[in-house]
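Some structures to go through are shown next.
Below, subunit A partners subunit B and then partners subunit C, in two separate complexes.
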Partner chain A sequence: MKLTTKQGMQSEIFVPVTPKPVFTELKKPLNKCKVAFITAGGIHKKDQTPFNTSGDFSYRTIPFDTPSDQLMVTHGGFDNSDINKDVNAMFPIDRLHELVKEGFIGSLPAETYTFMGGGGNVEKFLNETGPEIAKKLKAQDVDIVLCTGGCGTCHRSATIVTRCCEEAGMSCCVIAALPPIARQQGAPRITAPHVPIGSNAGEPHNIPQQTAIIKESLEWVRDCPSFNATKILPYEYRHNV
Partner chain B sequence: MSITQETLQKHLKDPAILCCRRDKGTVISAADLEDPGLFDDMQEAGLLTLSPDGLRIEQVIGRTLLQDTEALTSITKDVLDSVNKTEDDNASAPAESKAEISEVAVSAAPVFSSSAARTGGDGMIHIEIGKAEKFEGLKLDVPVISGGAAPAAQAVQTSQALEEKHGEKKVIRRLLKKHIKITDVKLGSKTSIKDGVITIDKSIVNKAVKEDELCKSLELEVIYPDKRHIYTETIMDVCPIATKVEGEIGEGITKVADGVVFMLTGVDEDGVQVHEFGSSEGYLDEKMYFGHPGCADKDDIIIRCHAVIKRLSGMTRPGPFAAHKCQDYIIQAVRDQLKEYNGEVVREEVCEDVRRSGNPRVVLVKEIMGQGAMHDNVLCPTEPCGILGGQKNVDCGNVPIMLTPNQVRDGSIHALTCIGPATKEMTRHYIREPLVEGLAADTELDLIGVVFVGSPQVNDEKLWVSERLGSMLESLDLDGIIITTEGFGNNHIDFIQHIGQAGKRGIPVVGVSFCAYQGQLVVGNEYAKAMVEENMDAGGFENDIAGCSCVTVEVAARAIQMLKNVMSGVEIKPAEKKWSNDVINTNNKLLGLPETKLVESGTLH
Partner chain C sequence: MGLGPSIKMTTLHHFRCPVTHILSEDSDIEFTGIIVDGVSENCDDKIYTAKRVGDIARSVRADGALVAIDGWGNHHIDFVNIIEQLGIRQIPSVGLSYIGLQGRLVCTNSFVDCIIDFNKNESGYESCVVGQNNLTDYDAFKALGLLKNKLRKAGKLAPKKSHDSHTISNNTKEKRLSKLVRKVFTINEVSFSDKTYISNGKLFIEKNIAEKYLAEEPRIKNISVDIIPPGDYDRFVNSNLDFSPIACKINGELGEGTTHLITGVTLMLNGVEDKSGFQPSNIGSSEGILKNRFTPDMAGTAASNDYILHVDILFNEGEGRTSEGIYAAHRIADRIAGDIRRCLANLENMAYKREEFYDIMRPDKPKIILVKIVSGLGNMYDTAMFPYEPGGVIGARNMMGSKNLPYIISPNQCRDGVIHSLL
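Up next, the complex of A and B:
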């Protein structure tokens, strides 16, 4: 038996390679740094227009003095129940204020920007949303940008915007639940706690874990030796769906 | 960025480019060179222009720079003390074949080592390759090597096996699917089937809703083929009415109602679509790709079962499941009537699980959603396409589970996955999956089985599940694998891992997925070289038309042909960098398939 073959067929799907390196070395101690936190996880203020969950490249402006109970999630790419319990699981705003008080970091910018990266339009994030967010953060003299993303394409969008921030001269780290995507898409630095998508920044209401994930991600921004390096964080949380 | 020794070895024949400025007197090593894997992107970004006089890496390693030399420029002979002599690209034929022969010898040894005892005596294995590409009449005596080695000689082994055996067909079990003609559906006072007319007791919804407390209300409606311009909430599933009348799933006799399907739709108590992420509410005639495997056909009567589930339970696991479970209570009442009904048989379909010994052993791997919420599947229920008696793949840990082709064709999968409806496979898809049907019918192949593997939510678990799949694939002694996935994004991590599991074991593999524009692969590896695209959206987006971009007869035909090519060593040209429907249509044309016509959905996220 011989197999029937056909000459001339072509593979129909491009398999990517990681894009060119971007890397801004951190030149200040952490306690002198202004730290921003962005997320592709669909977080917004309750009084803002929700994201279009089937794909949306717009972003929301979140003043850093927004109380965490005024925030909510609109994202359909993963189980939202953790964020519904505690928005800090994706966007750890309360922990960041505590880190400023503690003196671990210098300050927070007046405002930050959030978006919904699920199904995200690559060109729009690369050429519009990403550069705009980067410009606005840079204008507030931000030194460090941390970022989370929810679902798979969220991690792609999160990484695209993070790369824009790095290119604009800030030192950035993606806190990834799906590190292979962050790595393949060319995130400058990656930390990877063992968490499900939807709780990248740690278990809901588990303050010590959330704090540790942010602190170690900040330390990785300081210590990461080169582009695209990943640090696995020793924190594990299983979400029983 | 310098490169490692390993990268250097891989790229000896690639252009030598300095990664940073280097001073006169530098002895060139891996630490001084840029990674050739980045050249394409660098050229695209205008950072790099390759000189035609540039030397290859193998020509410059260990040589000394005679002058200061800039980064990202080709190294040419005028800046070096001398150039390494290497075998030219047009090296004499003997030298090349010598290298390949030694590769075959080493890797072939373990494959044939079991015969050493029979032939033995001198501690050598005698290998004779009668006819194989480049090695006609080659004879080798190879010392017996103990210990593991890569199973890279499978191609050689296969081509021998192919000539020895003839793919004799042995039937393991038969399944008869009787398609029973249904001409009308009515809502009445008693559930029955008579003279081709299904009547469903209107009040059954009151009992059905009690099946799960998360389900708050149910509503039934009959939609005729010519009255589909009707508003519908998001489509959660299309489910055939099929029932066992003899034997277990996969054997015996199954009756399938012809000309009618159930369609489940759902919102929560606040009116939020159960699939708020890429939902398909709207006019039904615009929101389903009629005729695709998972969908209603052109002339089907649709029984719409609309569920309202508890507030905020749409994005959790139990909520959507409640809707499916309650609908199944109603379908079961119809199944019970169908068992007893002896109406007109439109079509008898004989499905066989067969072994075709001697033909290439192939499996189909279907990656299914297993992230929780509504991303789940019920496996192997008692009734075709049912719920009861089945296990959810999330609860099974998403581990690979092997089914026979007949079990799949007899409704072993009840899908709870129709979010992002264009790229998900609904329950009806599996009972008539074109790849299962195509592979099972192909007399050149031996379809060993169909593996279902879930896609977990956590990255570690994805990799863990993929490792388990890899071991399973290895143990099956396969010659070829087709791997499909539904959706895009995080599931592509597992998908690519699975391809890698096959690839690193030297098993030819073809990947099938929706990617196009919106679903561009977020990860990749070197084994994903033969890939088939499912997209049918003009913009390359996951649109909101249920069943639009998934495995069709044409997709299946291209995938099977690609697999045969890869197994036979016939080249598959590398993909273009960006998705293009022209590539797909060129393949269609080569295979005599109809053109893939894209739908203008206007989706622009």
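Up next, the complex of A and C:
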């Protein structure tokens, strides 16, 4: 699509319309579920090619046994300092392993997929990246997909990919720092802790808070009554200014 | 400042704000004031500050508003919330934003019904060319035209007069509030010398002007200062941090009294990190051959016949991505400008152009406000308000530190440089 830039030309601009509902009911108890976690927050392994911060629809494959200290962030548009302190603030890989040990969830897939949703090309995420990630997760028999995104357009990309996963038959929830975007873009389920963009999964190194956000998001996957419903989580964290 | 290089509003852009210019020119309305609101990183704060903007707008009895922003994505939550909060209070508005394809609204509400998209690029994606997708006078003109239509429909503005009745509007009810005098000194040539001074329309810059300021900023490894003659753009520059005016306050506070301004020279601040080579940026950096990396003659960039005083900062590794590092770079540019301001303050024997600006009250005309939504996300992505000198940064309060609560400023304060963009 090419834009016209003729002077004086009147045009109509894109206005987001919440897309059609997608909803896959969870039919297993949480402790029998295989749970994947994807993120649009620009997380990748330190030895992988960084994302292009001005817009990138590629994705990286992250084995779930990757130690969290081998992960990093490449993402413009928001303060990365929390993720630099603790990658679990955006991609809570350590917490997920703990939840498996605890027996709260069944298992994790062998690998998951991460991308950088900021300024992302909507059509590419909708038609290529999203369906591909969904297919790869489904092939690993994933039941539940949780997702985070950093900046505003990142929440949009996160929601697009999450919808693809829901359509492929998995039950999904976007953990949103910017719930109005997840809602408008049609996320199947939304949880919203009171956190700054970049720390969707909780304050860095605050293990109880991160655990509570994931647990309540998983419970919302189980309990959410209908498409696009939001649960506000009672956890608050602000950057120290 | 803004998200990507092509839409960001530099300090110079706010100083020469096209919307402020267009609103000040129109005697059908009263330009009541400018609300400056910061973009927060917490959604709750975005909603909270939008409500406070609505409260201020209602308190000043605004009849209509233009809402301008230089970000997209999460910034658009603030944008649509402010339009909604104004709408709830029966204040119609017209938005000005970069939309294109990349900046398509991520959310909206029923009050968002009229937006000027100031995208100037066929691709619809942000470019790395500073100023390319900037808001222009023409965008502002269109926005005001649409807003006046909305006001007419709401019965707040008299219908357009037919072409044959050229009655001059009766301005007897007009009342001038604060006055700003600007004396504009034209510089025709800039060169290095053994000290900094201005003589006969020529600006001489001390060769080692920056050296004395390096020790004050431990986050900065090196500073180099360059004079770029008009059009001599075939050279590599690092990522742009800002364009700013060189002006000094002679008397009064910012927004009133007298300001001396240099024309013919614009300060350009760029920088890169040592060792890592990281180019400070948010969405895409703007390093490269200068002629391909900025659009001259925009409100926020140097004119094509300007000399560019180019301050290039070498950050210690890691400091190109901390707010403290970015602040240090801006302070250095402010201090270098300070050396020139000292000469500019004592230029009584040089010819100048005198300009007068008034904040004007028109009790019988609809009151229009401008809402500027600026970055307050922190890290290197912030705005500072009320520096000591026009367009400076020293003495200014940063938006994030003030929790992004809205300010109300006068048009004269805006054109006297109270808004400083960081990165």
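The criterion applied here is as follows: the second predicted complex is superposed on the first by the 228 of 241 C-alpha atoms of A that agree within 3 Å, B and C clash if a C-alpha of one lies under 4 Å from a C-alpha of the other, contacts with A are read in each partner's own complex, and residues count from 1 in each chain.
Simple rule for what comes next: a contact is a pair of C-beta atoms (placed from the backbone, for glycine too) under 8 Å apart; a residue touches a chain by one contact, two chains touch by 3 or more.
Note that this is a predicted model, so its numbers are computed, not measured.
When the shared chain is aligned, subunit B comes close enough to touch A:P21, but subunit C does not. When the two structures are aligned on the shared chain, A:S81 is found in touch with subunit B and with subunit C.
Counting the residues of subunit A that each partner touches, subunit B and subunit C differ, and the larger count belongs to B. Within the superposed three-chain model, A:C173 lies out of touch with both subunit B and subunit C [touch as defined at top].
By the touch criterion defined above, A:Q185 reaches both subunit B and subunit C.
In the superposition on chain A, A:C147 makes contact with neither subunit B nor subunit C. Within the superposed three-chain model, A:S54 lies in touch with subunit B and with subunit C [touch as defined at top]. When the two structures are aligned on the shared chain, A:H239 is found in touch with subunit B and with subunit C.
Overlap of the subunit B and subunit C interfaces on subunit A: residues 1-5, 7, 11, 13-16, 53-55, 76-81, 118-119, 121-122, 151-156, 177-181, 184-185, 192, 194-198, 238-239, 241.
Every residue of subunit A that touches subunit C in the complex is listed here, in rising order: 1-5, 7, 11, 13-16, 53-55, 76-81, 118-119, 121-122, 151-156, 177-181, 183-185, 192, 194-198, 238-239, 241.
Here subunit B touches subunit A in the complex through residues 1, 37-38, 40-42, 45, 47, 162, 165-167, 275-279, 312, 315-317, 358-360, 371-373, 394, 419-420, 444, 457-460, 488-493, 496, 511, 513, 515, 517-525, 528-533, 541-542, 544, 558, 561-562, 564-565, 567-568, 570-579, 583-584, 586-587, 590-591, 603-605, going by the rule given at the top. Of all the residues in subunit C, the ones that touch subunit A in their complex are 3-4, 41-44, 72-77, 99-102, 104-108, 112, 115, 117, 119-126, 128, 138, 281-284, 321, 377-379, 381, 400-401, 403.
By the touch criterion stated above, subunit A contacts subunit B in their complex at residues 1-17, 19-21, 52-57, 75-81, 84, 118-122, 151-156, 177-181, 184-185, 192, 194-198, 226-227, 238-239, 241.
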